[in-house]
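Shared between the two complexes below is subunit A, which pairs with subunit B and subunit C, respectively.
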Partner chain A sequence: MSDWYYMNVVLIQTTLTTLLLALSIQVPLRFGVFSFAGVGAFGVGGYGAAMAMVHLEWSTWPAVLAGTLAAGAAVFVLGLVVQQLSGLYMGMATIAFTLIVSVVAVNGGDATGGAGGLYGALGEITMTHIVLVVLAVVALLQWTEMKGLGRRIDTVREDPELANALGINIAGYRQMSFLVSGLIGGLAGALTTLLRSTITPAEVNFHLVIVALTAIVVGGSRSWIGALIGAVIFVWLPTVLSFVEEWEKVAYGFIVAAAAIYLPTGVLGVAKDSWHRFRTREERARVAAALQETS
Partner chain B sequence: MQDLLNAATLGSIYLLFALGMALVWGTIGILNFAHGATFMFSAFIGHMVSKETELPFLGVIGISVLVGAVISSLTQLLAFQPILKRSKSQHAAEMRILIGGIGVAAIPLALAQRETRSSPFGFNSSYKSEVFEVLGLRLTTTSAIIIVAGLAIGVGLTVWLRRSRQGLALRAIGVDAETSAGMGVNRPLLAFTTMAVAGGLAGLAGALLTFHLGAIAPETGDQLVIKAFAIIVLGGLGSMLGTVIGAYVLAGAETFVLVMNWGTWVDAVSFGLIFLILLARPQGLLGRKEVRRT
Partner chain C sequence: MLEVTDLHVNYGPVRAVHGVSFAAQPGRITLVLGANGAGKTTSLRAVAGFHRPASGTVTLDGQSLVGTPAHKVVRKGMTLVPEGRKIFFPLTVEENLRIGAYVAPRGGIEKSIEEVYAQFPILGERRSSQAGLLSGGEQQMLAFGRALMSKPRMMLMDEPSMGLAPTMVEQVLSSVRRMADDGIGILMVEQNADAGLRIADDVVVVNRGETVWTGPASEARGNKAIVHAMLGEAALDDA
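For the complex of A and B:
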């Protein structure tokens, strides 16, 4: 067990940070907001944390906090600006935001290190820290998926008019989803950067959007469990299949496209559906048996 | 003046590229994110073929247009058509089509990156661009061809969409797909043809840009999708004339940024434009406000 752990410590870290990144896109999706701003937040958070460490010589956790808050604030403001956009327009505007982050990083001069990026921001982050952070985030999200709050969020996504009629403040919920998305994305960026000690503008690119999308689309977009399934599949598949390692990006393209066509609710959705079907069948059989007995 | 000419060349490339996207999005309601990958991969296949044998100008163009049309119609057939068939609402379909398009776009990009190791590629062609002077301006034959082709196809497509019966049918789908189907419009067939035409235009733009610059990088396509989105939003969805204007406005703005020596900010122009337009005038310059019951 411990051998296995030491051999794969990097992969476990990557799984957890990928999970955070995926969650940052999944949160707005659960509110019916088609936003990719979480990936931009990843860049803001990463740069924020790295700049705080390199230029201001802050220690690890204040730097992470600074990056996270900066990303949260940036995405929240973006949310206020783009909130009246719908569907595709929102999606493309947030992709544009994500790409602007890297353009700004290239042009940041000494502050962001230009096209070469920032180096030497090695934080003191252990596995325990990451696990604790991820657990805290997941606990928060689990709370939003349960009971009344979870149902209200589902209503905001599935039927905004009904939500409105029920007295749910849709705009408020959506703004909140931007804030949470920015905070989680920023956290993912800050942790990833301080673990690797570098960040470059080239990292905040379109591939990162695909990474996050793959994890959610494959796993399931309704619950953090889906994002976890997706992150695990995404990070560990290449190590299991060497074939996938060689054709990694091609395979991910296929997976995203196929999942969009055949599995709109992801692995988790399929599992839940079949569980439901199984339960219904059992229930029906029980009722039928009971009816036969009485007649 | 020389800068204006450069802007016109760049604008014509943008136009050829954005026209296909605007046509598909404005009529059959598909925002094809794989359009950029189609553009890049058509030029890439041209590069691969011309590596084997030297080709004339028209040969390369022909191959690229054909490849573009094939990729685009395959995307429609294998990805978008099944998604549309399986989606309950238009809204859900839109998102799945965008995600599916992003997935499809990743495939040719990864293939080309693997083959070229992410370095730019060009054509091995017998065609040599010549420079001649008009009114003291330096104009290459490639630029001239690009500008003429861009304007001709742009105007031609606009007129065709307004005047012809097929154009009417396409616009009808854009307004109300169900009613137009009831009126006897064969939506799947028209959608398929439209995608093929759009793909052909992407292929043409890809080949022309590669001739113009000498080489393009595999990643060029992704940026172009965002730029084309900016152009369509600027011009107004559903308005071909708006797309024509938008393409030249964006090219002009970018050339201006380049001339002022703010070169590294060029990509921010289109992204900033998207924000500005979406906030100030969401329906675009020439677009009509979308009427949709939600």
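For the complex of A and C:
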């Protein structure tokens, strides 16, 4: 066990930070907001934390906090600006935000280190720290999935007009989803950066949108558990596939495409559906047996 | 009492409603009639806060509602039962009712649910069934029950009989009558003019974005010429 752990410590850390990134995209989706701003937040959080450490010589956790809050504030303001957009337009605007973050990073001079990025921001972050942070985020999200609040969020997503007619302030809920998305994305970026000690503009790019989105599509978009399943699959699949050598990327692409086609509700959704079907069948069998006895 | 005076609503350059006025009293059913595109639903939605009127006044018990967003209108005691029922099929009847309790005070939710079951016994019998397994009429009653959870003084209804079997139309509309008899004011848009007129107290006829006739339902019923004139020949012949 411990050998396995030491061999895979980086993969485990990456799984957890990828989970946070995926959650930053999943949160707005649960509110019916097609926003990728969490990826831009990843960049703001990463740069924010690195700049706080390198330029201001802050210690690890104040730097993480600074990056996270900066990302939360940036995405909150973005939310105010793009509030009126929906669907694909919202998606485009928030991807543009991500690209702007990387352009600013390239042209930021000494502050951001330009195209070469920032180096030497090595935080003192242990596995225990990451696990605790992720647990705290997951606990918060679990609370938002519980009955009352979870149903309201479902209503805002599935039928905004009905939500409004029932007295739910959908604009407020959506704005809140931007803030939470920014904070979680920023946290993911800050932790990732301080674990690696470096961040470059090339890392804050469209491929992160794909990483986060695939994790949710494959895992399941309605619950943090789906994002966890997706993050595990996404991070570990390349190592499992290493035996196919140069075909790895192709095999990987096929698996993701197959998942999108055959698991439309993600691994979690399919598991839930089959459990539900099993229960219904049991219920029917019980009713049939009871009927037979009485006749 | 809900009072609407000289309501104007525009969609961009299109003047959808220009001069709708009426009053809806508590304990009475006010039926809004008019041909397709006359501005009935637009007026209803503007009153409920979904569209901001270009001009005119909307007051509930003397308090102005113009500019109040839809989710706050609910807290002022007026709720819209939207067209098409909008029930969550995978959830149970009771879970659907709980969604409606968002603005209700926490302590009163269980009591409100029991009151809805007393009003609609069929919902009580099926409280733990999936809402998707209810008939269309039962789903409409569930939509009413969900709206009642916010304890409204005034309910706005958009086409409650739409898509229902004829026997169900009777049941649903008589449940609307019972809610009015309990003291709730009801403002109802209904395509099925004949069925609507049987339960309504007051009638507002809207044509091309304007109020063209208001009066008691008995007069509209007795004077089919009025309705004919406003709705075209087909309206009453169908029903």
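We adopt the following convention: the second predicted complex is superposed on the first by the 275 of 295 C-alpha atoms of A that agree within 3 Å, B and C clash if a C-alpha of one lies under 4 Å from a C-alpha of the other, contacts with A are read in each partner's own complex, and residues count from 1 in each chain.
In this section, a residue touches a chain if its C-beta (ideal position, glycine included) is under 8 Å from a C-beta of that chain, and two chains touch if they have at least 3 such contacts.
These numbers come from a predicted model, not from an experiment.
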item	value
First (subunit B), second (subunit C), both or neither touched by A:Asp273	neither
Touched partner set for A:Glu282, first subunit B, second subunit C, both or neither	neither
Which superposed partner A:Phe254 touches (first subunit B, second subunit C, both, neither)	first
Contacts of A:Val82 with subunit B and subunit C, given as first, second, both or neither	first
Partner, of subunit C and subunit B, that touches more residues belonging to subunit A	B
Contact residues of subunit A, present in both the subunit B and the subunit C interface	161
Touch list for subunit C against partner subunit A, complex	48, 50, 69-72, 74-75, 79-82, 86, 88, 91, 95, 98-100, 102-103, 146-147, 150
Complex contacts: residues of subunit A adjacent to subunit C	147-148, 151-152, 154-155, 158-159, 161-170
Subunit B residues touching subunit A - in the complex, by the definition given at the top	31, 79, 82-83, 86-87, 91-92, 94-100, 102-107, 109-111, 113-114, 222, 226, 229-230, 233, 264-265, 267-268, 270-272, 274-275, 278-279, 282, 294
Subunit A - residues contacting subunit B, complex	34, 81-82, 84-89, 91-93, 95-97, 99-100, 103-104, 106-107, 160-161, 206, 209-210, 213, 217, 247-250, 252-262, 264
